Amino acid sequence: MPSIISEADNTGNQYKFSDMKELTHTDKKGKAVMVDVGDKEIQKRVARASGHIVLEGETLRLIKDNLLKKGDVMTVAQLAGINAAKETSGLIPLCHNIVLENVSVTLSIDETGVKAESEVKCTGKTGVEMEALTAVSISLLTIYDMCKAVDKNMVIDKIVLTEKIKS
Amino acid sequence: MPSIISEADNTGNQYKFSDMKELTHTDKKGKAVMVDVGDKEIQKRVARASGHIVLEGETLRLIKDNLLKKGDVMTVAQLAGINAAKETSGLIPLCHNIVLENVSVTLSIDETGVKAESEVKCTGKTGVEMEALTAVSISLLTIYDMCKAVDKNMVIDKIVLTEKIKS
Amino acid sequence: MPSIISEADNTGNQYKFSDMKELTHTDKKGKAVMVDVGDKEIQKRVARASGHIVLEGETLRLIKDNLLKKGDVMTVAQLAGINAAKETSGLIPLCHNIVLENVSVTLSIDETGVKAESEVKCTGKTGVEMEALTAVSISLLTIYDMCKAVDKNMVIDKIVLTEKIKS
Amino acid sequence: MPSIISEADNTGNQYKFSDMKELTHTDKKGKAVMVDVGDKEIQKRVARASGHIVLEGETLRLIKDNLLKKGDVMTVAQLAGINAAKETSGLIPLCHNIVLENVSVTLSIDETGVKAESEVKCTGKTGVEMEALTAVSISLLTIYDMCKAVDKNMVIDKIVLTEKIKS
Amino acid sequence: MPSIISEADNTGNQYKFSDMKELTHTDKKGKAVMVDVGDKEIQKRVARASGHIVLEGETLRLIKDNLLKKGDVMTVAQLAGINAAKETSGLIPLCHNIVLENVSVTLSIDETGVKAESEVKCTGKTGVEMEALTAVSISLLTIYDMCKAVDKNMVIDKIVLTEKIKS
Amino acid sequence: MPSIISEADNTGNQYKFSDMKELTHTDKKGKAVMVDVGDKEIQKRVARASGHIVLEGETLRLIKDNLLKKGDVMTVAQLAGINAAKETSGLIPLCHNIVLENVSVTLSIDETGVKAESEVKCTGKTGVEMEALTAVSISLLTIYDMCKAVDKNMVIDKIVLTEKIKS
């Protein structure tokens, strides 16, 4: 969609046009539209995303303790992410519904909180970035839910797409 | 849920009990549980949350341009947030389903991107923090979706609960 | 919402217009908002709606024949309506989720097609008009679905709210 | 599904019976069945539908005013229709779930109210008529919802399939 | 619902009225209806259900091994049950949507497989039996799903309501 | 998934270990994972399941009477099963979402209650066993719901997969 246009003016000077980017989910009048993927190629598509929740030391200790006990906190958050990926087209208005081949979510403790990483795969006409990002977001919200009684300073941040592959 | 524990300091003095916090969504073995709210009081409850998405200058320009045209980008994201609030108990595994009295989502452009703010109200036995946070998260993911073709450096961050009121 | 309409009295004096009607689901800038029902009274509320689908004589004959056989066509459409009423807040963006006390849908054959009538009840802070209208609409769409292979001229029409009661 | 039956009458004359139509979603006993699409061809399929809501002059003025302000009324209704198309198989009991390639909904003001038009596309074994009709119906119900406080005489009508293409 | 009918036997003796039970979800013609709970009393309601899945010894060994590792099999099944309870009114056509105060699911290994037990609580006008039974059923189906590659002889059975309390 | 391991014992004799089965929905640490079906072959897949609900004689009489009247009890249960099959991936956490080509549910009265049988078809990378089992389970729960006011001794049992075909 973005197009790099380069032209020479009539004095022979080359000047660079910058990317003329356009939003893909709005029409010329700015109104909302889905992207018609009917003519796109069926390809293997993978997307990976990550995000983070900042926790207080005490909360982190409680989660580590739960892990030591092999408790459920991380599993609940991981499952919530997997299931949310499957519901993405019902949550993000202009997303397509997609048959997913795999969703995985991994949660790991770091010094300041918990990091969530997801990977989503499909074979189809449209990518699975939003599925990967939704999985991460809902996993982190689920940790928030389970810790909200003990930690009043949680922050969810650094939600990014880390990789997108077509093949 | 919090339990008072007594300890002696190294002078032998008994010092005041501190709250030993515990996760409310796990039992003593660390297994997942919902919180039984049957005996909680029916109260008016309000929760407010906010979050942010970092956009490139060019993307911000496109969104401002869409706003100038009174286009739909912000409205799509706002509606996605309102609807997600209503679906929270289906997304966050240990959340209760709640009859909501109001959900509002406001989106505003700042220097580095778009800020989302939500407010959710109910009269019931359990708070609506997760509904407010889910509204913000899905609104920001919706902006991500609509801008992902033009901006490869978006980051969703600063998702926090800003206020919680019971009355 | 109520509107006082201004008229000139018989002395020819113009008097000032009060209450100009306003859309309740948009704010002063025209942006979408839910209606905050937090301060509304908890009341018994009933809404009734009806609608119609025009069918060809041959299709009507097939449905009558199915009824004679005590077949399922009408039941499938009726159940679809009942279930849709329960999903209304997920379909109509600014609708509140509501605990429903009853949903009934009745389908009857008339000279030109099938008439659907619904009644929805709740005790709560907001009415159930949209639930009654959604029940009727989805029941009629379900008849459309089951007859679409044999009738290319179906029209769904006359979907109206027939009664709304608060007590 | 329709079957041509040819029989001889008792004078020995062969006469052609016309198409004996049958409902496709019921079996011989009249019981409900899905249509098995396993052996159907994968084709590009497009369906278009339209519908209308009759509004009072005053309501129409409010919507026009909202449009002048580039407000959200039409966008809310349009998005509701797009999302409903994606949920069709959960609403219409004997519908198949389908991967949709595009859903578009257009709303326009005419002399007596608002017209909704939809187009849905897929590449698959079954058509998308019900998705197009559901999009139109839910868009119109959403307008109903947003105007119900100011207009007690709305009627949703003329919901029809306008085109169906296989290629 | 039960109605007492009096009849005389052929000796002219009046004999004792027996309860003539009637289905509550059908009307006099046998057509489906929801039960109108509008006039029922708001009460605390608890329902408990249980069920069982028969597993081969080898499968049981794998689940025990997963438990020894404090793996996730039981947690996945337990969460699936909790979430299904919240979705009951979308699954069972004539069920009411209900605000639940608690859902708990416990899974335990016995000699022949895994037993699931659930408890669901609400304060409302209708009981939560179906929620408790749905929780158990979906928990057991989830175990089935996770074991289906290694065990071709699983049987889900003994799904019963074990207790129902109103207070 | 099963792996044949062959080792030599300490006498030097080679002996065949039998299949060392492993759970497919957990990783080596026992944590929950979806099965990545990306590299599986697209095949026609059929699954059949059945299950049973034990009813009291009186309840059975009421259902037979409803059938005689050509009432709706069986149809409501059958439709619930068909619709549940379409929702399976939202209910069973590690299930893939699948485009289904057909779902059929048949209910029949036997001496002790009602038997439910389902058949589900797709063309895809993963089987439809869980869809067939979910259809049966929800059909039986729906019968439970409709009979629970008259029968306090119902038991759902014998839920099994009866056939699985790939071609």
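A, B, C, D, E and F are the chain letters, set down in written order, and residue numbers restart from 1 in every chain.
Criterion: a residue touches a chain if its C-beta (ideal position, glycine included) is under 8 Å from a C-beta of that chain, and two chains touch if they have at least 3 such contacts.
Here the structure is a predicted model, which means the values were calculated and not measured.
Peer 1: Provide the labels of all chains in contact with chain C and in contact with chain D.
Peer 2: B, F
Peer 1: For the two copies chain E and chain C, is the contact made of the same residues on each side, with over half of the numbers shared, or of different residues?
Peer 2: Mostly different residues.
Peer 1: With chain centres taken as the means of their Cα atoms, state the distance from chain D to chain F in Å.
Peer 2: Chain D and chain F have C-alpha centres separated by 33 Å.
Peer 1: Between chain A and chain B, what distance separates the C-alpha centroids? Give it in angstrom.
Peer 2: The computed centroid separation for chain A versus chain B comes out at 17 Å.
Peer 1: Any chance you could list the residues of chain A touching two or more other chains?
Peer 2: As it turns out, chain A has residues touching two or more other chains at 31-32, 69-72, 75-76, 79, 83, 87, 90, 93-94, 99.
Peer 1: Of all possible chain pairs, which ones touch?
Peer 2: Once each pair is checked, the touching ones are A-B, A-D, A-E, A-F, B-C, B-D, B-E, C-D, C-E, C-F, D-F, E-F.
Peer 1: If we count contacts the way the header does, which residues on chain E are in touch with chain B in the complex?
Peer 2: Its residues touching chain B are 44, 75, 78-79, 82-83, 86-87, 99-104, 121, 123.
Peer 1: Would you pull the chain B residues touching chain E in the complex into a rising list?
Peer 2: Residues 31-38, 89-90, 93-94, 96-99, 124-125.
Peer 1: What residues on chain C touch chain F, complex-wise?
Peer 2: Of all residues in chain C, those touching chain F are 69-72, 75-76, 79, 83.
Peer 1: Quick check: in the complex, which residue numbers of chain B touch chain A?
Peer 2: Those in contact with chain A are residues 1, 21-26, 29-32, 51, 58-59, 62-63, 65-66, 69-73, 75-76, 79-80, 83-84, 87, 90-95, 129-130, 133-134, 137-138, 141-142, 144-150, 152, 154-161.
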